[in-house]
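After this come two complexes, each holding chain A, first together with chain B and then together with chain C.
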Partner chain A sequence: MTSSWLKTSIASIALIAASGAAMAEKANDTLRVAFTKELENVDSYFNSSREGVVLQRAVWDGLIYRDPVTNEYKGNLATSWEWIDDTTLEFKLREGVTFHNGEPFNADDVVYTVNFVAKEENGVKTQRNVNWMESAEKIDDYTVRIHLKDKFPAAIEFLSGPVSMYPDEYYAEVGPSGMGLKPVGTGPYEVVSVVPGQHFVLKKYEGYHDSPKGAPEITNIDIRTIPDVNTQLAELFSGSLDLIWQVPADQAEKMSAMDQFTVMNESTMRVGYLSFDAAGRSGDSPFGDLRVRRAINHAINREELVNALLKGKSKVIWTPCFPSQFGCVEEAATTYEYDPEKARALLAEAGYPDGFETEFYAYRDREYAEAILSYLNAVGIDADFKFLQYSALRELNMKGEVPMSFQTWGSYSINDASAMVSQFFKHGSLDDARDDQVLADLNVADSATDPDTRVEHYAKAIERITDQAYWAPMFSYNTNYVFTKEVEYTPTADEVLRFTTMSWN
Partner chain B sequence: MLTFILKRLGLAVLVAFTVSFISFSLLFLAGDPAAALAGETASGEDIESLRKLYGFDRPMLVQYGDWLFSAIQGDFGESYYFRLPVASLIAERLSVTMTLGVCGISFALLTAVPLGVAAAIRPNSIIDRVALFLSVAGQAMPSFWFGLILIVIFAIQLGWLPPSGASSPVHFIMPTIVLGYYAMPAIMRLTRAGMLDVLSSDYIRTARAKGAPEGRVLFRHALRNAIIPVVSLAAVQMGFMLGGSIVVESIFALHGAGYLAWESIARNDLPTVQALILVFSMFYIVFTFLADVLNAWLDPRMRSS
Partner chain C sequence: MAHIDNTDPLLQEITGPTPGQMLRKRVFGHQGLLIGAVVLIILLFIAIFAPLLAPHDPYAQSLMNRMEPPVFLGGTWEHPLGTDHLGRDYLSRLIYGARVSLLIGAVAALISGVIGTAMGVAAGYFGGRVDMVVTFLINVRLAMPVVLVALAVVAILGGSLQVVIVVLGLLLWDRFAVVMRASTLQVRGREYVAAARAIGASTPRVILSEIMPNIANNLIVVITLEMAHAILLEAALSFLGLGVQPPTPSWGLMVSEGKNMMLFEPWLVLIPGAVLFLLVLAINLMGDGLRDVTAPENRS
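For the complex of A and B:
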């Protein structure tokens, strides 16, 4: 065993040495991509990570598709849809579509998928993606109705995003674990192999229907999980990877100076903000006073944070939602110019001429949190900085024990304001504002079927939230994509890698 | 001898379960398992529904009891994160870690012991100086840095070795060197000190006086005695390599058990962490036990006591 092992090793070394740095895999028509995080389960209903969304869009299709550039909704597995009443949607399904395993797609698949994921006890990980659906009903083989629990105008957006259609017979047989190991969908790529969390190989699905996603060009996609970004860069340099993303700004800057790589920066939907305990859930805190909350809004130099730290396509954000989201009316938000003098004056007015002491929590992007901390110090706020694991901070948040924290929210790439503002201001366990007026407006905005009414009430809620300075929204995030010159790709603002839009140069 | 082994085994099981109880409690203190499980995109309501689904709302002792009851029957449950049986998950990751650990410790022993012996034969010679330099460098160099330097030289500049992954034996060369080099200094210093000590003892002088060849004196008489503490140390190092090669596994994208443990702790994946802790504590116990047996074989005096 030893000698054969040794022989293999020596032979391999010789081979690799002889070929020099491995060439890009254009010749084999294989695009090699790295994931940073170990994906928990390829079954898209049972993961909650960016990597999962990327695979979901490649392997499965939804009834509807939203063009990531124009934001226009187009039919995908459905050819048309209409609201029968406020809580019933009827779909005409596309005929002639087959799943990767040969199972034909029809109303039974939609009914099975919807009924399975809508049941809370089946444990879909991100409940809000599916818990607005009550059930589905088959009208005929290619007509299906989805019944909603309540009015939910964002249904179309969710059906074009996280809700994808599964093959009924196969899913009934293998369940989420089996689907995670051998995924089967109707999407542009079929899955060749899965090593859970580590390695995913996809192949162009030859029988892909005429979908608005477009026909895939690259034949094979080979995805490996490489946790260390430096190792990812090394793989890229040595020619054994073609595309990586989420590259830190400083590294990306260096890479952009090199001829063999394309570096592209694109915004993501993630928003960074400070949250204050305005309702006093954590006991007697200075944040109950509006002047204190406004003072902090004035104390932070958002422009500087964006230009010096986040860079790229990040923007200053004033809304408690991402501006591209439906209903996220930027004009409704109160803006607070950077003015430390004014901040100090407001603090003095509130009875804190020498500032005060407080706890300040964060769970990611330590360098951003520390920069914010220095702005707070500059106006006299002495913050005891606590950097926790995400789960530990969430637990404190839910118990209402956090006076002030630096938070971020990515909205799960849902382009509707309900995915952000309504998650935090409807008196749930994470709501530190508990404002009845905001709640009333959001209730109308979340359930009205008339788009104008929705916009009007989201605007009102945003106006109230920002006027009362319940949060200090600060900036949007961005991500850097680095790929070899042989790859042609234009990233989109929702941080979903779309393999169908990639090609070789 | 049998009672001795049985006693040690009983004690080992007790130790393993004490460790598992402590780690279970610590994980609960470290953060809300439901929040960790739900992930960053979850809303408060998602977290609450998961809490009920997985029974995190029950008292901690009840949950531990549940786990213990199944574990005793050999059922380690399903990973909360991967939704796969923990046993198969760990088995898959362990093969990578074991390969790496065995290669690493072999590399460390094969370089450290000869170097230590050479250094002891000629103290303060150039060989001794070189060995000293190597061991100081090994001790001082963080493995994440050493790993990246190797990648830059051998994968990027020379293009001889693949930067990361575990798909062929070649992939293990750099990780082995990094992991082994980290364990090497201690083994080398201990070998050198032991050899120096033994070489100045009376029976070595006797052996030389009766005209035994130098090689026989060094390896049969001296090293056999000097190596005893090294065996114990190597056993501990081996245990460390199997559970603690997190940095190396992460840099070289090896997806072994150490990295799995590290990530599972951050994810509050209780069943996986619990099973891994049991496995790791068993490793330590087994390796220390094997080291004792090996030492007893090397040193007849240990057998009688």
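For the complex of A and C:
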């Protein structure tokens, strides 16, 4: 008797607990979100992941804000700015802004932050985001000048993106590791708790200034790291998550057929491409021959990849950059229609009538890589498939030991062609083409202040790169956001979750 | 010469059944052995005649026909077991996958069998220092977790069919060595070994014709166990992305590729999983059966 009573009560307690957990959290005003990857450090200068960008936009503010829909630059922590000369920007700062810890925001914070991150030895993870700044100088409490190392027309774009402002006194005291554990910013959400890599709890910042980001509506944001997509989906079904993102196309398609979820798809700036060792860094490779590179461009059915695998808002891409980026002139790119016969003919002409053997590297999206591999097989290229971690492949690439690889680049959501073309074609360690003509054009385009000159030279570089088929650009990525019907959210095209624009239905 | 008719009932009554007849009786009376053997023979047949049996090219991709369901879930007979995430025929990949699994199982078991048996028999027969060295090597080997070492080696050398076979072959000899050593110890003191030595038989001859036949039944069991072990390990490595590389069809790889869609299309995982289960079960059943029918204590 006793034991069966005990069993019943334990079972009912378990049931109650389970149903309690499964209840929607709208009542508690808590939005539960899942991250797929572990975030190494919340301090946005010391991580390079998408999850980091999401938290950065929630916890901190930059001087400038770019409206993700209109792409218009608006003042955020700065109210106005002007170019004093080609390498000096002056900002008027917003008054009355306070950090989450009560510290008032003023010119000292900007000067400290810029001087700290611009110094290479401080080890900011993505140097390209900050290494164009020389230093900052205080004019008065609410006026600051930022000095550039060289002409850098994309400065405004970078200041509206990865460069956020930190509280000088607090940052001087705790440093990047302290900032990662107890982040303090001026952003719309303040951080309640951080379990590194695992769990982040945010709370609406009541004192948030009148920012173009908009005032937050949802009070609590609870973010957990759940690496497996299937687990995320299961938790969404059982009601212990409200929103997930980066959901693969196939799963998203199935979810959209269900009534209780909203599935939204947005494009991202990430471009998938094949890179060939045209410069012959990996030894005597067939990719030194233009005909081989063109043959591969003809061998890939980009339309089919986009329609059947990537789906959503993905597009076929012919440029070595994302078309929305400034200077990414689509018309300049040579296109290669899908024509396996022509590919075979070109290979035969190049002296490979029966194809050849090579190594083929990839680091993500195994499925896409396999599909590409199969196109290559179809024209006779026998590729030995090697799937590595990103860091391992990057290292091999830098050593120039990769004959052909499937790569992707997301440009850190920076809407300027320099974030992609110039990253890879300026004879750096990742440059497999090493074309002097391209380098010359990019040098002009990167530092010219006249927008027309920039466009003209990016176009020339793109024309040369695609004509020489140094890459086979293929497609742009998209991201699926899946959330319960209780959540109202319209994702933006830059792959950043914006909690401020979320609300309950 | 007088012909002896074995079927003569009178003669049978006098002499009893011949050893061959008794073996046949034991074999056909052992259900596990029969089931295992039949399944294994069918799978072997499928593997050998894969090009004739597969309805489609296992590498032919058709992105427009991705993840079509199998026929019992509403699919068409064009693809009886549906298609995978790249629109390749699942049945054809399954059939070709049998080749990979059986090849890896057989060759890895062969390599480790040769290594392990040589070491075990040498240790058991010679004893002394040889035994000490072999026992030490076995202990060293046992101290290494197989999966971890295999993962590390494959990660360094890169995954391919050959690498996986060699790595598994070089790692799975421990059980052969342990069992063969113990079995050899048991038989080396027997009268027939002493007799063979007494008539001046050479050591290789004693080992090959006196010891080996009498420990062969144990060897068979270990071979089957290790074959099953190797097949499962290959599947595990391929599942983790470090085994056989795409587009080679491998059952472990198929499970891994289907994993992402498990919530919505569970058959993508269930079908290769079930076949893998069937193969390993068949091998184990056959191994157990062979031990039962060949064990010396059952012979009399």
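In this text, the second predicted complex is superposed on the first by the 485 of 505 C-alpha atoms of A that agree within 3 Å, B and C clash if a C-alpha of one lies under 4 Å from a C-alpha of the other, contacts with A are read in each partner's own complex, and residues count from 1 in each chain.
The rule is simple: a residue touches a chain if its C-beta (ideal position, glycine included) is under 8 Å from a C-beta of that chain, and two chains touch if they have at least 3 such contacts.
Quick caveat: nothing in here was measured; it's all calculated off a predicted structure.
Engineer: Taking the superposition as given, does A:Asp339 touch the first partner, chain B, the second, chain C, both, or neither?
Structural biologist: After superposing on A, A:Asp339 lies clear of both chain B and chain C.
Engineer: First (chain B), second (chain C), both or neither: which does A:Gly123 touch?
Structural biologist: After superposing on A, A:Gly123 lies in contact with chain B but is clear of chain C.
Engineer: Let me test your reading of the model: by the given contact rule, A:Gln198 touches which partner, first (chain B), second (chain C), both or neither?
Structural biologist: Once the two structures are laid over each other on A, A:Gln198 reaches chain B alone.
Engineer: I want to verify the contact counts: of chain B and chain C, which reaches more residues of chain A?
Structural biologist: Between chain B and chain C, the winner on chain A residue contacts is B.
Engineer: I'd like to know which partner A:Ala234 touches here: chain B for first, chain C for second, both or neither.
Structural biologist: both
Engineer: Which of the two partners, first being chain B and second being chain C, lies in contact with A:Glu217: first, second, both, or neither?
Structural biologist: neither
Engineer: Does chain B (first) or chain C (second) touch A:Glu266, or do both, or does neither?
Structural biologist: It touches nothing on chain B or chain C.
Engineer: Given the touch rule stated above, what does A:Lys386 touch, chain B (first), chain C (second), both, or neither?
Structural biologist: second
Engineer: Examine A:Glu304 and indicate which partner it touches, taking first as chain B and second as chain C; both and neither are also allowed.
Structural biologist: A:Glu304: touches chain C, not chain B.
Engineer: Show me the chain A residues, by the header's touch rule, that chain B contacts in one structure and chain C contacts in the other.
Structural biologist: On chain A, the overlap between the chain B and chain C contacts is residues 230, 234.
Engineer: For a test of understanding, state which residues of chain B touch chain A in their complex under the given definition.
Structural biologist: 30-33, 35-36, 38-50, 53, 81-84, 89, 148, 151-152, 155-156, 158-165, 168-170, 173, 250-253, 255, 259, 263, 266, 268
Engineer: For a test of understanding, state which residues of chain A touch chain C in their complex under the given definition.
Structural biologist: Residue positions touching the partner: 229-230, 233-234, 248, 250-251, 254, 301, 304-305, 307-309, 366-367, 370-371, 373-375, 377, 384-387.
Engineer: For the complex, give me every residue of chain A touching chain B.
Structural biologist: Residues 5, 8-9, 12-13, 16-17, 19-22, 38, 40-41, 46-49, 120-121, 123, 125-128, 176-177, 180, 196-198, 224-228, 230-231, 234-235, 237-238, 240, 388-392, 394-395, 397-398, 410, 412, 423, 428-430.
Engineer: Contact residues on chain C for chain A in the complex?
Structural biologist: 59, 61, 63-64, 66-67, 85-87, 158, 160, 241, 245-247, 257, 259-264
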